[in-house]
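The letters A, B and C name the chains in turn, as written, and every chain counts its residues from 1.
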């Protein structure tokens, strides 16, 4: 659990960094950068906790999230041009982040006695809603709706978790395998430019 | 109640369909389409339940909403070009949907001992907020703020419900009459292009 | 407390007025104007109460907020062109509004036994989130992210409140001094065009 907590904070850090970078590209002031970093990092878990009535919600119950976000903003402020060149490291952090967010969100849902499908959705909300909120607040169409198998990777990892859990596998092993499922699917999909199908036209109609 | 439940799911279906159509027009991928359909269909009731502290909230407490939304997405995927030609049927579904959403939301508010005016607002939130959320997530100014007597129809139906209720009319009759009020006002307003006034200038000033 | 309640409603009125003006400039219909006025005025407190699980939330527990907002919309409808010329009065109302919203939000947070830092954030959410929501719903990048020491003034007032409180100063005096801190910082920053720094580039890198 202790290692997972560290990875949780590492994921928070990566998400906050990505939010801070987007906000500073948009020429937001320091306050705007902090807000977007905050929302990107804890927005998903915050929505999850409000929806399942889990109080105190994530960042209210544990101040370490706030400190992590502040450090990420300071790092962005000091080293922005360097970070921009670390896109692979950032991508790895971010990917580890979504995998941990998904699985911790799912576990929290199960701990609150939600139906496994609802818990799975809570895992996905934890992982992707922060990014959606970041995009809405910076007035962009959420990236996640348009490209990349981001949410699908979370979904696959969540299904892996539930399946292995049902099969009675030990919890630590479930966690590691499912996190790997998410990380690998995302890396492979980005490497090979895999995308989900779009509904340009229906199966029986003509091309529009 | 059983019939109303069926109509509730029918409204959910219509809302999900309208969300899925908007999202696929925007070239969102399958995941994006599901999210927008979901948000359009249950976003209003979800906000209502969070605001009045009614847990488990709508779609968490009853998985039938999720299944209904998934079916709507599959239908959109299979028959998109056909549905686009069924705009009158869609409009009818949607109109029945908002009338049922309004009245069920209002009833839930009353059941939670809210002031009738707050319950009325909860009915309207149930009916219109899903569409607002759909528009915000697809980066458009919410349609409802600019044209069509959509919310006004819900308001009139809600007032009808509260008035008839105050007069001691039987509950089933109240529901039917108030639903008809919403449906008729909306149909008439769309047919005759009725709109609410705008504040282009004030009553005493000159035209800007 | 009674005077503060009056100022709270005055702040609500100022926020509702500012929302109604923005919405009517965007040519929203009457319903849209009411929604934006509502969201601007009570959106911050609403989010705060949902996050800290304080039910009934602000406008549900006290209908005076709704009446105040309705009056503001009627005033906008009747006197829009006149109000547009009262920008200094509006600015003063708005500034008094954010100072009271910040301090009342902070106090509510403390009353709910939140960590002082979280209570401080709750004060800021109360003061600024209504405006953020107004901007998101009218499809603009929230003003607060781009210019003006708006949030910083709230932050300074909140820190003043906590510090004086820690030093054992009488509550009324704490409130007055901290409100003045917010009002003065905002007035001075607007007068002298003070802004927070932006992260155009990092401290060690070259200018991009």
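The definition used in the following text is that a residue touches a chain if its C-beta (ideal position, glycine included) is under 8 Å from a C-beta of that chain, and two chains touch if they have at least 3 such contacts.
The structure presented is a predicted model; accordingly, all values stated were derived computationally and were not measured.
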| item | value |
| --- | --- |
| Contact graph of the chains (line, ring, star, complete, other) | complete |
| Interface residue overlap between copies chain A and chain B, same or different (over half shared) | different |
| Turning angle required so that chain A lies on chain C, C-alpha fit (0 to 180°, nearest 5) | 120 |
| Distance between the centres, which are taken as Cα means, of chain B and chain A, whole angstrom | 30 |
| Residues within chain A bordering two or more other chains | 50, 53, 136, 139 |
| Residue ranges of chain A in contact with chain C within the complex | 20, 23-24, 26-33, 35-36, 46, 50, 53, 55-57, 59-60, 63, 66, 76-82, 136-139 |
| Chain A residues within the chain B interface of the complex | 50-53, 114-115, 117-118, 132, 136, 139-142, 144-147, 151-152, 195-206, 208 |
